[in-house]
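You will see two complexes here that share subunit A, one where it goes with subunit B and one where it goes with subunit C.
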Partner chain A sequence: MRVAERIKHDGGTAAKAAKAPSAPAAVVPPRKRRGVNREGLEAGRRSTRTLLWVLLAAAMVLYGFPFLYLLFTSFKTPIDTIAVPPTILPREWTLENYTSALGRNGVLASFINSIQTAVISTVLSLVLAVPAAYGITRYKTLSGRIFIMAALVTRMVPPVAIGIPLASMMGSVGLSDTPIALSIAHTTISLPLSIWLMSSFFEAVPKDLEEAATVDGCSRLGALWRVVIPVVSGGIAVTAIFAFLASWNEFLFALLMTAIRSQTTPVVIANFQTQFGLDWGSMTALAAVYSIPVILLTLLLQRKIVAGMTLGAVKG
Partner chain B sequence: MRISDRRFALYLMAPAALFLAVFVAFPLFRLITDSFFKISPIAGGPRDFVGLDNYINAFASEAFTGAGWRTLAYTLIVVTLEFALGLGMALLFTMLGRSSQIWRTVFMYPLMIAPIVAGLLWKFLMIDNFGLIGTVLHQAGILDNPNQIGWLSDPDIVLYSVAIPDIWLTTSFMCLVLFAGLQNIPGDLIEAARLDGARAPALLFRIILPLLRPVIAVALVVRGIDAARAFDTILIQTNGGPQSASETMSLLIYRTMIRFGDPGLASAMGTIYLLAMLAVAFVAVATIWRPGKDN
Partner chain C sequence: MSTRTFISRLAIGGICTAAALAASACGAGGPANTSGSAGTNTVNVLVEAGGHAVLTGVAEQCKQDAGVNVNFVELPYDGMFNRLSSEFSSGNVSFDVAALDSVWLPSFKDAVQPIDEIFTEEAKKDIFPALVKEANVDGHFIGLPAWTNAEIILYRKDLFEDTKNKADFQAKYGYELAAPTTWKQYQDISEFFTRDGMYGTDVKGGVETEWLAHVLQAGSPMVLDGDKVVIDNAAHKEALDFYVGLAKSAPSGAAQVDWAAAQNLFNQGKTAMTRFWAHAYRQIPADSPVAGEVGTAPMIAGSAGIGGVPGPWYLTVPKATKNTEAAKKFVQCAYDHNEKGIESNLGLASRISAFEKYQDKEGYESFGPLIETLNGPATATRPATEKWQQIVDTVLVPMLQKAVAGGDSAALLADAKKQIEDLLK
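On to the complex of A and B.
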């Protein structure tokens, strides 16, 4: 438990680092400790380091290969995708799979649905989670403690258990097969996570900050809005990324709750299998188009994402 | 008039609490009530109260108990391998220090990929006839012919094969969390142990792992719960087959509900599944997290 608390405490530094983009990478501990650690676990001998680099290179190749193979396959001709024996690189590079996948009925619409659903769900999560997390961390009431436990328990609920009742509920209020209904379902996943993340970010804000604001005549709500929110804007960005990703990549709710009108791309990708036989070429092309934006997002915002990932894991 | 702090906090939490009550608690309530009824899959069809019949049928069915064991086995496979690989990578990154930072970022990329895409990707690598893995192993002289191992078609090994995408997707997560934990181990502690003549294995098992224990516990629980709910990757790879050999609980409930059209039975299975998950979660929360506790 002690170490967990120390990490939790370090989560505070991570939160602060996330606020200031210029700060060093979030999970890297304060400078002093890093120096100590270099003498600790960091390998010093040249031969050992070379060996470690070789190991790392092997691991990276193995780990990176599957996605590269998906990319290469997407540029093959349809016949080459299922050639026996398979080749790694395309014999002939072509965009055929991309044009056929994107030109297919409903594919572009599914992209718009995915974006719409993920944006609505992200906004909804933030609007609900930010005040709730603030209420929990700042006032430490019994109800707050019970609430955050309840939110944690929600994380354990298997989506398959609530998907069907949720779908029929949406149907009875006339929302079946709409991006709104699906984004509400996705928010049941991202809201507990957002509350947890935001709680740790608020935890890192010194209490004097809004006390000073209230003394200056700000109302509590005003202090939250004008003083605290700007300070945790980095944390809000992290939370938004996570909420967005949770919705963007979600499949089960999308499968249960959408038909034609509001289908998201993961469902379309899965449907390629049955609807059109085994069209591997188009499937890989669509999968690549769907994944690359979020992979680039990771590389661009990696520091923020690492901060959120570690906080999310350590806290909930 | 100024309201009390306690009330103010309550107002701040109310919208989120209301949302979770309506969209999580209420569907759960519906699930539990449905589990006591025999329900026709046709909308507006008959709905008869049958008491605990659905529960009795669930426990009596081999599909259900089988799926239960498979879910447990799947979870253990995924979490164990992921932990071993994640720890290895975290140690590797730590030993290389700051210079490996860029690779740490690259290593994270599978986390952003949709599980459905990961499942598809690995299915493509392992599929019979034109799967690359069989071919490579054949060309390397390990297999006599590329189809010697039916990764996704042999009931004896399919549960391991379907676990691969899940492991590939989230080893990065395990690595990230353990890496963060490793950075918090004081370097002088390692130094002291080294001066006392501790070798690498002793260092790992006597010092590093015990110190990481809380982080490890949290990471294992978080991932364990996710793995026990796995659906997307298995559905797209095998749809639970062959001969239900990769049918885990989520898939069984889904099929009972949608394909076999028995919402009552599916609800009973869902309720049992949920209770099992909550029991595990509760123990985990009570012993590890203790959220909201003041330091």
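On to the complex of A and C.
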């Protein structure tokens, strides 16, 4: 009983001491040995922590530097942007690139088009992916398994292979150069990923929850809406972010399917590289502005994203 | 929640989504007419982003004179070919006029309609001979050159006029330091200025036109003579050896140097001379160390005279447009008001008279050498094969990169010949 209490209090060290009463106390006093262990443990923890911080800092630099370089370039003068060798910080800070980029004809319209397209595509993806993934995970039929594999196969087709026929089809149904056409095209990219993501999130939800809801009087759809959906809301946020980003940054379909009315910002950004030169300053300024909504959205949904990302992790 | 309530909520959500979708059928770009609105006075013009500015003045004038409204569809150069291929092959085009790079003209010759009526005798005299020839495919003119360009020599006037440099150069080479008129002079001057962290010139391993200009200057057709591949002839080898030989007076890493890199090097004051497209003269940034210090000279002559590879863009009218009349009116406007392009930031046109009108004005010093180069006896456009772009991307540029990195020129040319023959089969 006493040993058990000591085990509980000091985490097992006492138990080891109790099991080895013959240990020569004069050679290594137990108190001293415990002190050395604790200090060694502390030092080990400190060095592990330092190593982790170094790795974290390196990863942050690796991921963050390109964006920071883009940001700094957007504040450089024209000659600074093409300096050989390049400089990281502007020699002279200027807002000229922002004025020039945002003052360019069609930039505002392209922003609105990008938002419109990304929102519609995200909604379409979720509206289709949530019930599809729920059905696949809950009913576990052969056709469901084939369907989910087939959805994955569509990700393996190069976008350019479907882009040209898709553009042609949209033209033939009178949807040429409209955000809806582009949204549908973008949904073909995000939907397979959304179904897979949502499937893994639904897998993590115990069936007992739904059964409990059913016992409490919910219909199957009611249980899905009132119990399952709130549980996987983090997963839905993650899926929404991925679907939104897939559309927000997409270039090829936007290039093939848009013209005057629905051109999105990635195409406008690419337009700064012409056959006659590359306007680095304006290009980086517009790219910096274009990344703001995504950063804000990610910050806004940060908690949901983290919750969603760990949702599948507790499954096993 | 009952199933009924759930379904009704789903229906409301669906209706809202549908409403949003319906609203989105009109994008923020405005209610532009797409091609197919027969008989309207609005035309959609597909243009590479850099060329948009050249046509803006023309569009304004066209609205005034002919009542034609113009919507521009701007696309990046790298994506334009895909877009054109996609729309031409579907037979459903979203534009009424397309500005095509001369390299693409053979690829799309069957998708555009003749515009012979614009090529009057007077027009043919006012357009550079090489361009008149290139615009004519199978006996019909299919594209009006909206603007053109050619490589000329840009050099550092301040360095060339420096008294000490002049004296040193005279002492070393035995003749006066001036803008080069022979390739020997170009070589000497490049060597002379390669010192103190500076280079005499650049060597662009990432582009093919400069090397091909040397081939033309030697009197040989470039790469193809009709259907025959002549890339391994003496003129090509000599041109390649000379081109690679300049690398010792150029910054290292020539294999990766392309137009953008070469332009940056010159604008940064790292090179004393460059062979570059004429428009670059007017695009030197005001805060560049070389701003106001640059001189221009025509492309250098070889045994066949001055020769360059022009870079024109052609306005074409797709067969699939239902707005042919307004489209042709716009193309006519582009010819009539061709000089409007010169007032744009790109500062280019295609009519000889337009260039001549401006050549003596301050700021347009590149026009004289440009006219001389475009009128050069050896100046010729690229071979009229739809495989040209593929030949450039997969054979010529990789071969040049290997050559400037020290590869054996004869072996590389022989290998290139075989690859091109395979491509053309």
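Following the convention adopted for this analysis, the second predicted complex is superposed on the first by the 217 of 316 C-alpha atoms of A that agree within 3 Å, B and C clash if a C-alpha of one lies under 4 Å from a C-alpha of the other, contacts with A are read in each partner's own complex, and residues count from 1 in each chain.
The rule we apply is simple: a residue touches a chain if its C-beta (ideal position, glycine included) is under 8 Å from a C-beta of that chain, and two chains touch if they have at least 3 such contacts.
Note that the structure is predicted; figures quoted are calculated from it, not measured.
Asks: Decide which partner touches more residues of subunit A, taking subunit B and subunit C as the two options.
Replies: Looking at subunit B versus subunit C, the one contacting more residues of subunit A is B.
Asks: Just subunit B (first), just subunit C (second), both, or neither: which does A:50 touch?
Replies: Once the two structures are laid over each other on A, A:50 reaches no partner at all.
Asks: State whether A:83 touches subunit B only (first), subunit C only (second), both chains, or neither.
Replies: A:83 contacts both subunit B and subunit C.
Asks: Check whether A:69 is in contact with subunit B, with subunit C, with both or with neither, and answer first, second, both or neither.
Replies: First partner only.
Asks: In the superposed arrangement, which partner chain does A:106 touch: subunit B (first), subunit C (second), both, or neither?
Replies: After superposition on chain A, A:106 lies in contact with subunit C alone.
Asks: Taking the superposition as given, does A:260 touch the first partner, subunit B, the second, subunit C, both, or neither?
Replies: Second partner only, subunit C.
Asks: Report for A:143: first if it touches subunit B alone, second if subunit C alone, otherwise both or neither.
Replies: first
Asks: Just checking: does A:176 make contact with subunit B only, subunit C only, both, or neither of them? Give me first, second, both or neither.
Replies: second
Asks: Contacts for A:233 in the overlay, against subunit B (first) and subunit C (second): which applies, first, second, both or neither?
Replies: Neither partner.
Asks: Which partner chains sit in contact with A:273 here, subunit B, subunit C, both or neither? Use first/second/both/neither.
Replies: In the superposed model, A:273 contacts both subunit B and subunit C.
Asks: Across the two complexes, find the residues of subunit A that touch subunit B and also touch subunit C.
Replies: Residues common to the subunit A contacts of subunit C and of subunit B are 82-84, 127, 160, 164, 168, 220, 251-252, 270, 273, listed in rising order.
Asks: List the residues on subunit A that touch subunit C in their complex, please.
Replies: Interface residues on the subunit A side: 77-79, 82-84, 106, 108-113, 116-117, 119-120, 123-124, 127, 160, 163-164, 167-168, 171-172, 175-180, 183, 218-222, 225-226, 251-252, 255-256, 258-263, 267-268, 270-278.
Asks: Taking the complex as given, what residues does subunit C use to touch subunit A?
Replies: Counting only subunit C, the residues touching subunit A are 1-3, 5-7, 9, 13, 17, 20-21, 24-32, 34, 44, 46, 48-51, 71-79, 82-83, 85-87, 89-90, 92, 94-95, 101, 260, 263-265, 267-268, 270, 277, 279-280, 283, 285-289, 311, 346.
Asks: For a test of understanding, state which residues of subunit A touch subunit B in their complex under the given definition.
Replies: So the residues of subunit A touching subunit B come out as 1-10, 25, 27-29, 33-34, 36-43, 48-49, 52-53, 55-56, 59-60, 63-64, 66-67, 69-70, 73, 81-86, 88, 127-129, 131-132, 134-136, 138-141, 143-145, 147-162, 164-166, 168-169, 184-185, 187-188, 191-192, 195, 220, 245, 248-249, 251-252, 266, 269-270, 273, 280, 283-284, 287, 290-291, 294-295, 297-299, 302, 305-306, 309-310, 313-316.
Asks: Which of the residues in subunit B come into contact with subunit A in the complex?
Replies: Where subunit B meets subunit A, its residues are 5-6, 8-13, 15-17, 19-20, 23-24, 26-28, 30-31, 34, 89, 91-98, 100-101, 103, 105-117, 120-122, 124-125, 129-132, 135, 138-139, 146, 168, 171, 173, 176-177, 179-191, 208, 211-215, 218-219, 222, 225, 228-229, 231-232, 235-236, 249-250, 253-254, 257, 263, 266, 270-271, 273-274, 277-278, 280-281, 285, 288-292, 294-295.
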